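Written below as structure tokens is the structure these notes are about.
Letters A, B and C name the chains as they come in the text, with residue numbers starting at 1 for each one.
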Amino acid sequence: MTTQQQTQTQAVTAETRAEVQQFYAVHMQLLDNGAIDAWADTFTPDATFSVPTLPEPMRGRAELAESLRRTTVELAAEGVRRRHWHGMVAIFPEPDGSLRVRCYALVFSTKLGGEPGLHRVCVCEDLLVREGGSLLVHRRHVTRDDLP
Amino acid sequence: MTTQQQTQTQAVTAETRAEVQQFYAVHMQLLDNGAIDAWADTFTPDATFSVPTLPEPMRGRAELAESLRRTTVELAAEGVRRRHWHGMVAIFPEPDGSLRVRCYALVFSTKLGGEPGLHRVCVCEDLLVREGGSLLVHRRHVTRDDLP
Amino acid sequence: MTTQQQTQTQAVTAETRAEVQQFYAVHMQLLDNGAIDAWADTFTPDATFSVPTLPEPMRGRAELAESLRRTTVELAAEGVRRRHWHGMVAIFPEPDGSLRVRCYALVFSTKLGGEPGLHRVCVCEDLLVREGGSLLVHRRHVTRDDLP
């Protein structure tokens, strides 16, 4: 990617950026609050979500909700709170109106009565699409800095 | 909160988001720089600020300034620098023009000659109002992930 | 700096903020991805970059690229990934169209197979200028919270 190409892809409007930032804030707060069904609804019905610890991407809202509900229950039983934090959000609008996003993602983990901790440093690559006026995640690919 | 309700409350303009982000950046840099009076002036005169370690909210600029000035002096004596860091800022405009904000707040703490540290992971809920053309914090409620 | 003065300097448009945030996201992702020449091209040809561990500022793209390429090679040899993270970005437009920025900068460092770590807490002061339609760093001054 040359600097010229980057410049050309940087034509993301302030409105789009504001919308993406609001989307991620609400999206992650739903997850961290344990509002798993509402969180799953911020993906398209046929969304895929790949992580380095699973051999195949998760597919669809039901599978996403099931997986993250399990994690939420386990963390609650251990008295642990997680905070997912996106930053350095680079947005690349596609001609069809979808948005490619590449950003950094931190996960903080704090046990009740314990010290706050940095749990993960990740890179998150999303394809966001607009359906019914709202942004939704259509495809997510997460890598972890501690894993190949 | 249903997805539909979230969508309805997401009508925050790019101008509002830009203003909120600039506000928080200046607000926290004033605090971390020890410019306590200028920091206190970013609250309304009758602002309340509740934290989990105090039985009652702090009230008003004088009380806020007194409390944070004490902390600032103590940290300076220990050679410790704090950085307050807001992120995942979800903004919900109210009909009266005020802004409800729910965001994550990190506090980093670094001793001169020491290692940087993650001091706190918090959630910050603000009610921001506009007075004389500027945003001000009218009500702040902070929770800590390590406390009930 | 009085509150009134702050208010006057806060007239940064949403478009400018969106552009600065996209710029920093791409800028830091280039560095962390090891795309050093493309990263160096996000500085002006005569840019200066001062850090507390060097007696003189680095000057110009070639010197910046040389220095950061060396770091990149060393980190790769150790299996370490770095992530540079800007936040609390306060933007102050100058009459000539340049942008003074003061923000916080975190550096995360993670070894393959190891635990993620907070490596540095810094303050970054930039002067951004527009050349050929793109923002570029003309002057950068970084301080570290652990150093005087």
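To be clear about the criterion, a residue touches a chain if its C-beta (ideal position, glycine included) is under 8 Å from a C-beta of that chain, and two chains touch if they have at least 3 such contacts.
As the structure is a computational prediction, the values presented were derived from the model and not from experiment.
A.B. asks: Tell me which chains count as touching both chain B and chain C.
C.D. replies: Touching chain B as well as chain C, we find A.
A.B. asks: Rotation angle for the CA superposition of chain A on chain B, to the nearest 5°?
C.D. replies: The C-alpha superposition of chain A onto chain B needs 120 degrees.
A.B. asks: As a quick test, compute the distance in whole Å between the mean CA positions of chain A and chain C.
C.D. replies: Measuring from centre to centre gives 24 Å for this pair.
A.B. asks: Can you list the residues of chain B that touch 2 or more other chains?
C.D. replies: Where chain B meets two or more other chains at a single residue, that happens at 13-15, 17-18, 87, 118.
A.B. asks: Hey, which residues of chain C end up touching chain A in the complex?
C.D. replies: Per the stated touch rule, the residues are 13-15, 17-19, 21-26, 28-29, 35, 38, 41-42, 81, 83-87, 108, 110-118, 133-134.
A.B. asks: Going by the contact rule set out above, which residues of chain C touch chain B in the complex?
C.D. replies: Touching chain B: residues 1-3, 6-7, 10, 12-18, 87-91, 102-104, 106, 118-121, 145-148 of chain C.
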